[in-house]
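Pasting the structures here.
There are two complexes below, and they share chain A, which is joined by chain B in the first and by chain C in the second.
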Partner chain A sequence: MTDTLERETATAGRTGRTGRSGRAADRSAARVTRRRRRSLSGNDNLVGYLFVAPQVLGIVAFVLLPLVLIFYYSFHEWNVLANTFRFVGTENVERLFSDPKVAPVLGATGIFSVGLVIGNLSIALLLAVMLNRKARAITLFRTLFFSPVVVSLVAWTIVWGFLLQNDGGINGLLQLVGVEGPNWLREGPTAMLSVIVVQVFKNVGLNMILFLSALQGVPKEITEAAAIDGAGPFRTFGRITLPLISPMILLTTIITIVGSLQVFAQIAVLTQGGPGISTTVLVYYLFQQAFEFHRFGYGSTLALVLFVIVLILTVVQWQLRKRWVHYEN
Partner chain B sequence: MKTRRRPALRALFYVGMSLLAIPFVFPTWWMITSSFKPIGEIFAFPPTLWPQHPTIQPYVDAFTEQPFLLQYWNSMYIAVVVTAATMLFSAMAGYAFARIRFPGVNALFLVVLIGLLVPSEVTIVPLFQIFNQLGLVNTHWPLLLVTTFGAPSVLATFIMRQYFVTLPVELEEAARLDGLGRAAIWWRIAMPLAKASLGAVAIFTFLHTWNLYLEPTVYLQSPELFTLPQALTRYTDAYGGQMWNVQLAAATMTAVPVLVVFVLAQRQFVEGLAQTGLKG
Partner chain C sequence: MRMSAMKLSATAALAVSALVLSGCAAGASDDDTPVSLRMTVWTSNEDQLALFDEIADAYIADHPEVESITFDPLDFESYTTTLTTQLAGGNPPDMAWVLENAAPDFVSSGALVPLDDTLEATKGYDLDDLSPSATELWTDADGKLAAYPFSTSPFVVFANDDLLAAAGQPTASQLQADGRWNWESISEVGSAVNANTGKAGFVVRDFDYTQWDYLSTVWGGWGAAPWSEDGTTCTMDSPEMVDAFTFLHDAAFTAKSMPGPGTAADFFAGEAAFTVTQISRASLLGESGIQNWELAPLPEGPDGDYSIVGQAGVGALAQAEHPEQSAEFIAYFTNPENSAKLAQYFPPARTSQLDAGTLSAANPVLTEEQLGDIVVPAIEDGQVRPSHTGSAEIQQEVRSALDALWVADADVEGTLGDVCAAIDPLLEQ
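So, the complex of A and B:
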């Protein structure tokens, strides 16, 4: 992103230079042009500042200021109920390491992210490969697979919660074929599995579209040549197609991880972090500490942890994207 | 041989695809059909794929158990206002960042990009405190302001900027010779050409705002101020049990209008949302 910006500025600089040397040929004309250009650019500057002002001020007020404040709050013990606010130094950071819940919370966050990425990407890839052909009903299926993306998140979660009740639809259907289903949302391993599955089917359509566009970018000649050389469809896919779309796979992996770290509504509606704390992911724990136990200081420290994780992932993503752009060129 | 195998293969393909589609389609189907079931049929065994005793009572109850009409209005007006404001401000900022080389443009753009690094979950604690100090907790202001001007809007600005960068300089030069100023060039030349990007921004901003859950949960306490996602989770009877059919009726009313618009404008939805997925 910043890379393209630099390139554009450099281009602008170059054209500016050639323009100036060209004008040197006719001085009076140059002076007029320059004067007009200056007055116009003066006006331009004003318009520029006015145009970016709402966005820049908004980011300063609603992102930068709060970001500074979470650092500040992290060094304070702040209980809203008891109305106490005092400097405690690194106590919150120390609590982070002594809090017996932090390890399981980070563990749950990791399991959720890994499970979501594996489920989401493998299904998205499968669907994209299936849809990457000319057949009459392709558009219909694409619409069906994509539709959960536009279904209200909480509505989607509620109906899955309903299906996953002990006497709900899924166990009802299982019982019809003689299988006794578990109490999905109230038992340790299946609760996490359920939350992952619900989220996978909600958003897999997005990655499917991204993979589909990547697959359509793979030149037909290459896969056809491989087929002529005697490679089967699986071999062609593994050796030719997959490497060619690997940049897209990497990119969607990171986007999906970052998204998975922000999961909140699904947990709040389906499991409330339970059973025990087995589905309490970082954002949910942060919410509980800050808004249920009213520990704003410690809540801010947890927010800092989330911020650092997202920061690292985003920087990795930008680096990959930069390399990907070079690779494509 | 080949011609004989083909129809069988094609049939197999469609059967496979239909099976794969079940987890994507069945929940929505189940939500709609169950919302017409009386409470006694909700957990019937064997499960009824179609209501045996259809009733619209759950829909009536949805409006009497909570101020659902008001909550619907809240969600609607917040999403519309935020979407319109985001389209305007992101188009302005995106245009300026793409086309005007004023001093400090790169530094300011980097400031805006920081918004992409900070998920709104990170800043929710200090933002709550800021709005608390301003006396704006339990009002819609935090939702309107943070969504329009805060982190969620950066993606919109970024997408608009990406589009305006591709605009040919000649267009603007011609307009300038005709005596148009910068603001007029933006509004009369650049904006009409940016319809597709504006559409993408509108779609994802509307869906994002329509689906907000953490923010309303944190900021709003009065049921009259609730937005839909928040209201959907509050349909409980006197004993705290969930009123499933009422809840599903409310969920259907929340989800189906958006689904209908999606079916009518599929291409814009798919392309617009895929674009934001990639740029995010």
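So, the complex of A and C:
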């Protein structure tokens, strides 16, 4: 369409209109061209907006609007049963700082996140390196390690719940080798460890595939050159491969940290936050406050805390990438 | 391109307009328009739902102002949470079942519309037939009935005589005949069953080391209660409660007559000799494969005989669109005729129907003798399972504090003191 206009303009030029009238005609043609371009540009924009509208509407309805609403709710107390909604100012924020459970809950959240990120990324990278070769049945192994990702989260967690019972499969196996296993989900340290391990195995396949794609993008000439220069496999991996896949490490780290802060189903199914409150992470605590204890205002305040934590961690990682992420496009 | 864009814009505008208009149309209601009612329930039993539908169909046939009545089964474990989430989301059901532990919150908050006037105005309803002990929990501060207690189900003991015989232990009736139907003997026999067969001795069903209020079926025998009668003072650390929990701790960790934490044992799968559960679970016996079973009252404790009942009420939500029509349907759903039908699943609160004859006509699994000797007296004398305003938070605090008790070397008295420290501020509110 734009080409047609340019041709029209060119044709006007070729007709040999010169002098004042010619220049006026040229200016007029140029104005028409600009108007048509603006009009077409506007139409293109409109079509573009219509195409992105569903996504934008989704983000507005399910991300931005809830964000604004929880900010609004956090200044209110909402009794769902009595159907009352009253402004309480900063009462919920004050409650946040005086709530003795907030510190242990944040502590449990931190332990879970650190455990999950270290466990998930290290195992995923190890698996990716091991599976980054041409060998018989390698696709089968890749599928095997990836398969938990597509299994229903709740089904996966319920099965692990049975395995981790005091008289469950894990302790049954340990008994075969003469070891009396702990009551995994009923003792503080092992309960948290169990929840972390269940989550690591659930999602390690996803990061493994991402690492695998990054590893397959590392040019062979570079690693071969390093080998010719006398670098061993570990040095090559540390000095060549890791820096080359660092953008992917950044991506998986951000995804895993954000995901770890949103853990809920595993806690609800396996431990309900116990024993004590040793596995009560922030999302589970805000769920309890809002949906079980009917404190939607305070629950919204806790949701804001979670949002701020995720935001800060993401910004910090994004800034830190300049120091350790190489070869970023 | 221009035309396409215009068409797209026009289509989008039309779609939005249609949505807005249809939304307005849906929101508009005419007084003469028949209404649709929804009741949330926690049963998904097909026979029970078929009975509810049958009652609803008969009601709709005589009430043209009601177009449809649907029964919406929700998961029992998260029932109250789901219900309150529906309220928060602006999608309240018209009617809802309410568990006894949530009753104080629902009744005191005004979430349910009073039913008295509607029930009294219903011909042949006979509101006075409801026993005062059954309605106490569901009556608000003004003396109005906020929900109808459609189920008053006593806790009883089922015994697996096959397993007891296999373990060389006396049956429940032998223990009763010997005057040994008490918790001490149950634990002794249960311990022997566990040692001889590897199966569990006794199981307090649904407790699972989290739902601690089910233990009221045990501590009742010690005359203990979790808080004072006015609900303001914690008594979880009372000497009676300490003795009751010492018994339970010994049963789990020393005598091993009760499965320990994290160990599953289902009586109805033949995995335990005794179970404490509600009489409504008798329906599971048919599929259990247990050939010889017995029904017995709760065992005697150091404080003597006692009985505990679980209750469920049905009420009309004040926040819903049709509370008046809902109250009228509840009056029909629970009238004497339908109450007798519901009695096969839910022991009624009507004193006129609390006799072995009426109950046995509706309960094919249980004999008239079992119902007359065990079930009816338990309903008449039973204490309702503990409940309090803010029950969800109290439930969570106690569960959390009690976790320290479910280890082998626990300090029972100290832990129960910690429980009180945790819930005292909540009880005082």
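Rule of thumb we're sticking to: the second predicted complex is superposed on the first by the 244 of 329 C-alpha atoms of A that agree within 3 Å, B and C clash if a C-alpha of one lies under 4 Å from a C-alpha of the other, contacts with A are read in each partner's own complex, and residues count from 1 in each chain.
Assume contacts are C-beta pairs under 8 Å (C-beta built on N, C-alpha and C of every residue); 3 or more make two chains touch, one makes a residue touch a chain.
Because the structure is a prediction, the values reported are computed rather than measured.
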Q.
Just to be sure I read the superposition right, which of the two partners does A:Asn183 touch: chain B = first, chain C = second, or both, or neither?
A. second
Q | Which superposed partner A:Gln165 touches (first chain B, second chain C, both, neither) | A | both
Q: Report for A:Phe291: first if it touches chain B alone, second if chain C alone, otherwise both or neither.
A: both
Q: Please work out whether A:Glu224 is in contact with chain B alone, chain C alone, both, or neither, and reply first, second, both or neither.
A: neither
Q: Pick one for A:Leu306: touches chain B only (first), chain C only (second), both, or neither.
A: first
Q) In the superposed arrangement, does A:Gly276 touch chain B (first), chain C (second), both or neither? A) second
Q: Using the superposition described at the top, determine whether chain B or chain C touches more residues of chain A.
A: B
Q: Go through the superposed model and pick first if A:Pro148 touches only chain B, second if only chain C, both, or neither.
A: first
Q: Scan A:Asn43 for contacts with chain B and chain C and give back first, second, both or neither.
A: both
**Q.** chain B and chain C contact sites that coincide on chain A, given as residue numbers
**A.** 1, 40, 43-44, 47, 165, 167-168, 291, 296
Q: Spell out the part of chain A that touches chain C in their complex, as residue ranges.
A: 1, 39-40, 43-44, 46-47, 50, 53, 78-83, 165-168, 183-187, 272-277, 288, 291-294, 296
(Q) If we count contacts the way the header does, which residues on chain C are in touch with chain A in the complex? (A) 1-2, 4-5, 8-9, 12, 81, 84-85, 87-88, 105-106, 109-111, 209-210, 260-264, 318-319, 390, 392-393, 396, 399-401, 403-404, 406-407
Q) Which part of chain A faces chain B closely enough to touch in the complex? A) 1-2, 4-5, 8-9, 12, 40, 43-45, 47-49, 51-52, 54-67, 69-70, 73, 126-127, 130, 135, 137, 139, 141-156, 158-160, 162-163, 165, 167-169, 172-173, 175-176, 197, 201, 205-207, 209-210, 213, 251-252, 255, 258, 261-262, 264-265, 268-269, 283, 286-287, 290-291, 296, 299-300, 303-304, 306-307, 310-311, 314
Q.
Looking at the complex, which residues from chain B come into contact with chain A?
A. 10, 13-14, 16-17, 20-21, 23-25, 27-28, 30-31, 34, 43, 45-47, 89-90, 92-93, 95-97, 100-103, 105-106, 108-119, 121-130, 145-146, 148-151, 153-154, 157-158, 165, 176, 181-183, 186, 207, 210-211, 213-214, 217-218, 228-230, 232-233, 244, 247-248, 251-252, 254-255, 258-259, 262-263, 266, 269-270, 273-274, 277-278, 280
